[in-house]
Amino acid sequence: MKPDHAPLAQGELAARYPAIRAATEELAGGLSPEDCALQSMPDASPVKWHLAHTTWFFETFVLERHDAAHRPFDPAFRFLFNSYYNGVGEQYPRPQRGMLSRPGLDEVLRYRVQVDERMRALLAGRTLPTEALGLVELGLHHEQQHQELILTDAKHLLSLNPLAPAWRAGMPKRAAAAALLWIAHPGGEAGIGHDGAGFAFDNELPRHRVLLEPFELASRPASNAEFLAFIEDGGYRRPELWLSEGWTHAQAQHWEAPLYWRRREGAWMEFTLQGLQPLDLHASVTHVSHFEADAFARWSGARLPTEFELEVAGGAFADVWQWTSSSYGPYPGYRSTPGAVGEYNGKFMSNQYVLRGGSLDTPPGHLRPSYRNFFPSSARWQFSGVRLARDPS
Amino acid sequence: MKPDHAPLAQGELAARYPAIRAATEELAGGLSPEDCALQSMPDASPVKWHLAHTTWFFETFVLERHDAAHRPFDPAFRFLFNSYYNGVGEQYPRPQRGMLSRPGLDEVLRYRVQVDERMRALLAGRTLPTEALGLVELGLHHEQQHQELILTDAKHLLSLNPLAPAWRAGMPKRAAAAALLWIAHPGGEAGIGHDGAGFAFDNELPRHRVLLEPFELASRPASNAEFLAFIEDGGYRRPELWLSEGWTHAQAQHWEAPLYWRRREGAWMEFTLQGLQPLDLHASVTHVSHFEADAFARWSGARLPTEFELEVAGGAFADVWQWTSSSYGPYPGYRSTPGAVGEYNGKFMSNQYVLRGGSLDTPPGHLRPSYRNFFPSSARWQFSGVRLARDPS
Amino acid sequence: MKPDHAPLAQGELAARYPAIRAATEELAGGLSPEDCALQSMPDASPVKWHLAHTTWFFETFVLERHDAAHRPFDPAFRFLFNSYYNGVGEQYPRPQRGMLSRPGLDEVLRYRVQVDERMRALLAGRTLPTEALGLVELGLHHEQQHQELILTDAKHLLSLNPLAPAWRAGMPKRAAAAALLWIAHPGGEAGIGHDGAGFAFDNELPRHRVLLEPFELASRPASNAEFLAFIEDGGYRRPELWLSEGWTHAQAQHWEAPLYWRRREGAWMEFTLQGLQPLDLHASVTHVSHFEADAFARWSGARLPTEFELEVAGGAFADVWQWTSSSYGPYPGYRSTPGAVGEYNGKFMSNQYVLRGGSLDTPPGHLRPSYRNFFPSSARWQFSGVRLARDPS
Amino acid sequence: MKPDHAPLAQGELAARYPAIRAATEELAGGLSPEDCALQSMPDASPVKWHLAHTTWFFETFVLERHDAAHRPFDPAFRFLFNSYYNGVGEQYPRPQRGMLSRPGLDEVLRYRVQVDERMRALLAGRTLPTEALGLVELGLHHEQQHQELILTDAKHLLSLNPLAPAWRAGMPKRAAAAALLWIAHPGGEAGIGHDGAGFAFDNELPRHRVLLEPFELASRPASNAEFLAFIEDGGYRRPELWLSEGWTHAQAQHWEAPLYWRRREGAWMEFTLQGLQPLDLHASVTHVSHFEADAFARWSGARLPTEFELEVAGGAFADVWQWTSSSYGPYPGYRSTPGAVGEYNGKFMSNQYVLRGGSLDTPPGHLRPSYRNFFPSSARWQFSGVRLARDPS
């Protein structure tokens, strides 16, 4: 959260709060108690945990501090649903989140109802201090981030099921992808980072200037058809196309295609939220790691863009998150938000790469041009794709 | 299953079938969908899996072969719920059983209903061949084995939960343990194995003769009080009391007490199906590995009995399974049951140790004096305890 | 060591000591300092370590107790070269033995010279107590065991080298294997274990009686040709032939043939101490695990013999160690040798299987009919083969 | 290597070659064959391997291409001593380098002699093409990099030995560290990267301009005394000082001090090339990971410098390598050297951080202001320390 940010007005927050919270529950609506309880890998969390943790965020950072009548729903939740805030205390270990059959989904939903009722009363009551309003606003952005994680984590779980279950109704097949154009940018000095108005995370600040060389950027993310050409040209078997660490990882994990592609009787299928479907060649390729994005770019005679190039060129808001060549680090003069919420972003600035843009499943209104998403190089379960860049010839 | 065994009459099986199947469902009755879906470790299975697998057994080995009108409930179940029968085909990997949110508990219960209805019809209908009756009888014994596993597996899952949830209502505290007496046995030639009448597993056969030295056997399993004395005498810190492999394992796993003992503010508690309870000093010690049982016996100036000593001395049917010093192997002339069900016992005769007796949670009527249970030396999540033996002085 | 054994006379030990010690050094003579320093896996030890540890045995158990003028060669060696005797103190971790570039081979050889000189003086001097003589005798048998381990461990190291180096000069190719005959044994009561005269390890005692069923034993170990037929019949791809644990292990380790067999351009070769050689079809198959021996026996319509059957039938002394179906455990009434040397055998009686017989590389004079060798089921780097047994039809 | 670089003249290379090669052998001179053969961890290589690999570099990239009479010393070496050049062919696996007892140190030294003789003749003969001269020059810089690695790798091996052996004679104790001053820099536009004259690696190019904010840089690296204050203030026990990944790693590895610090009876010692020595409080702290450097900087109220800040401020050439906050990546317009040597740098631009400066053990004449060293965040076995930077208040 921007340290000196003027948050939204209390009335506006009171209006947004129930809408954003309801969107989370609607998202999880098609899932069974079992779907919500299982953890498919240490990187992913059970949906039930997301439902509880986002609630914990409001209970711990807002109600506990600003609601004099606050009583914890269950004192054990402070420990169970703390993700990584050492400032709040010990945390239940992340890889064990799938060991918690209790509290059940029913009780977690009751937890949400109680906290929402207290939050409603708080926001409808006396004027809250600015710090409290800032935390409410942060909590809503936090909730939206977990909405996308609910989708990616549940998708990963269902993908492991040999029954290849569908979660939600089908979506129309994509129209033919537009021709890929190269858009030239002259480079030069440019401003980077959030520019003042409205909410931003602390990692988008301070706004500062950088020098860019001239570059060219693809007009859209790469498509499945384009990525398939890379595969068919032996892309996964040619070490010269890969970073050394990427090659080692791809060999060890037996990568041969994006995460959810499956070959069935000679044809490529893709596991989707609608179950196993024929691969849509016109759609943007997604569920590729930074390593795969980088190898694909090298094979294409191009490279990944820096996060600055994507920010400056604008128009990053396509249908998949776009890996950049930028390691996730602090901007010059970066300061984390004071207090435990300061652990939100800064302590992860290590061995991760920035993704820019957003996906079809990022909640509407959540994004800004300066928005920085970040994941390790090997991560594939997010909606991550690739937009190419290149140096002018 | 005994190769040349005359199974129970069809009418008797028709009567027993619904009672035993209902007992399984009653056992799982206090558990939520989430409790039934999670897998706490590769050795344990989700309760839902037990409910489905025992049903799969009847569907695969009985209905598929002897019910001409049989249609599979779901063809994928043949793969999903096959435990380890290579003769039936590929198996869904055991360590991944906790990744299956679908089919949900509801659907698994419908699976049970449909198979039970077909089985009821089959058993009420035309006279079945002896082989079919034998498989039904085997399936019922198999079901009873899984009843105890449902308890041990769900207990293990709940034990990992920091909330220490209780599953079922309390049981009366045990009366003071009887004084431990040593019962002398003269040794000599003795008959071992099942002796003809009634059902037995193939591993209890052939009945044969062994030569025993004179020995003395404790009159009851060791109590928690007795095991506590071992701990307080430094039992877990003295390598000279342990097998080399046991010591290495205990150090690596940081064992300091039986699996479910917890020290809370200086007092010993035990996690039980009634939640966390003060340690009952009069109860038999349980949830100890073969390694711990062996070290405790050495510290006691005694040893573990052989499985033959326990069988010959009779009276093994106490309240906990009793580790023996006998490696689980074939009796002279052993032959496994023909066909896929022959994989039931024989292929596990490797690096496991025999337990004799039975536990408070073994279903009534399931046991025989020749019954052989078996687990690896490091297993602690079963109801396993220790009865001491010694050589006459 | 037999607890109440009358050891060899002091003069006899004085004569044997230098001969057996020299044999060890001769064995290692063809190896470079580097050959002697490396550790190829945690199960194996560097040759340098064997040279030092066997010396440590005499220094620690004999000189330290019975040579009043004894000063340690290097006090750190007490820790560095203690294998597993908790009674002597802490041990340098086994998997780290290959991290010790110092002391170098030169210094270890100086260590041997000094201890040998002190031992020579001790044995040539005043009459030693029986306990000391017993420890010298034990130390010589211990040294002989390590002579065979030097061969198996160095062979394993060299086998990992892509250069496939030869260690020693060639041996004549084996003559055609004799036809395999089945020798019938009537069973009945039989005496097992060492019978009084001469040295024996404590695990060969007490002598006791067992009851055997009638059985038939192959006249010689299985040959490479016979094992090749198993491979060519899909032996490594048919789970029904394997113990469950063996199958899992073989799949995980990608076993397709005995440890040192290599397929080169369609022909089978074997890595030997003479380098890579064409497979000798007439030689006994060796470097197979207990799992492979068991699967081969099942495929052959036979089984592994028990250790009692091999002992009773005599004639076990062939050219390879022979896996038995007997888990390594204590004989009835077993007691380990008092003191730290009591850790020699007893604490390993867990999850290992007995091998009987001996190999071409077992030192002459080291063996007895009651001799029990033992290794885990998965071990393949010893000279381990298989002799078949079967029940009379 | 700079793609369009004019290499040194042939005569100059002919003069430098024997001097640099001899320096390598002198460095290894105090080590035994065993010291040179062992591998202490996958990140480190045996000294013998370094001796052979640097020779392989000249044989493969120079002699094989430019010496018409070239015959390989041993064809197997092409595979054994290829580090990571896929363009040259398969590589012997890095973690197995310590499994090669053959070729021995003697043979590797003979390999060096033969290649050196051929190289001498080549350089003394006909005029070589520019590409060949460039490869010779690259090979000499490569050799110098391995000289420092020989020291760090052998030091790591010796540090694991409980005997704490000394390798070389003592060095004088450091004089008191100078007072730490903060040197202000105004920021602004600055040129980064190699600027034309003389050799540079491809990762130092192209020279380009960056925009810097004003910053302050410490006048020298942090001392052991300053790092000790961090430890005594609980630095290793306070998660708020650490990056999340660093904290997890430090906990898992039980880090409590720099790699070679040892606490002995309450006093801090340090394992050095002179054996275990009292900690020199005046020396620069070294053998710290990027994670520890970052935590120390945060505790100091400062931060790590970027690699640009260190390059611009000059004077980076202190006695330890200095971790920067800059992820190792390509400069704008970066192109790797064509051919297999292009694998030298570019493929490692992933999840590593840049170190600038150099250490007391970097060979004289090897460094430039634009020189970029790089290691993963967790690496501690290099001579890596920390120089602080901060934003002006």
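Read from first to last, the chains carry the letters A, B, C and D; within each, the first residue is number 1.
We adopt the following convention: contacts are C-beta pairs under 8 Å (C-beta built on N, C-alpha and C of every residue); 3 or more make two chains touch, one makes a residue touch a chain.
Everything numeric here is computed off the predicted structure, so don't read it as measured data.
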| item | value |
| --- | --- |
| Least step count from chain B to chain D, where 1 means the two chains touch | 2 |
| Where chain A and chain B are represented by their mean Cα positions, the distance between them in whole Å | 45 |
| Centroid spacing, where centroids are CA-atom means, of chain B and chain C in whole angstrom | 36 |
| Cα-centroid distance, chain A relative to chain C, in whole angstrom | 58 |
| Residues of chain C touching at least two other chains | none |
| Arrangement of touching chains [line / ring / star / complete / other] | ring |
| For the chain C and chain D complex, residues of the former touching the latter | 32-35, 37-38, 40, 48, 76, 79-80, 92, 96, 98-105, 157-158, 160-163, 165 |
| Contact footprint of chain A on chain D as seen in their complex | 84, 86-87, 189, 208-213, 239-240, 242-247, 291, 294, 325-327, 329-330, 332-333, 343, 347-351, 377, 391 |
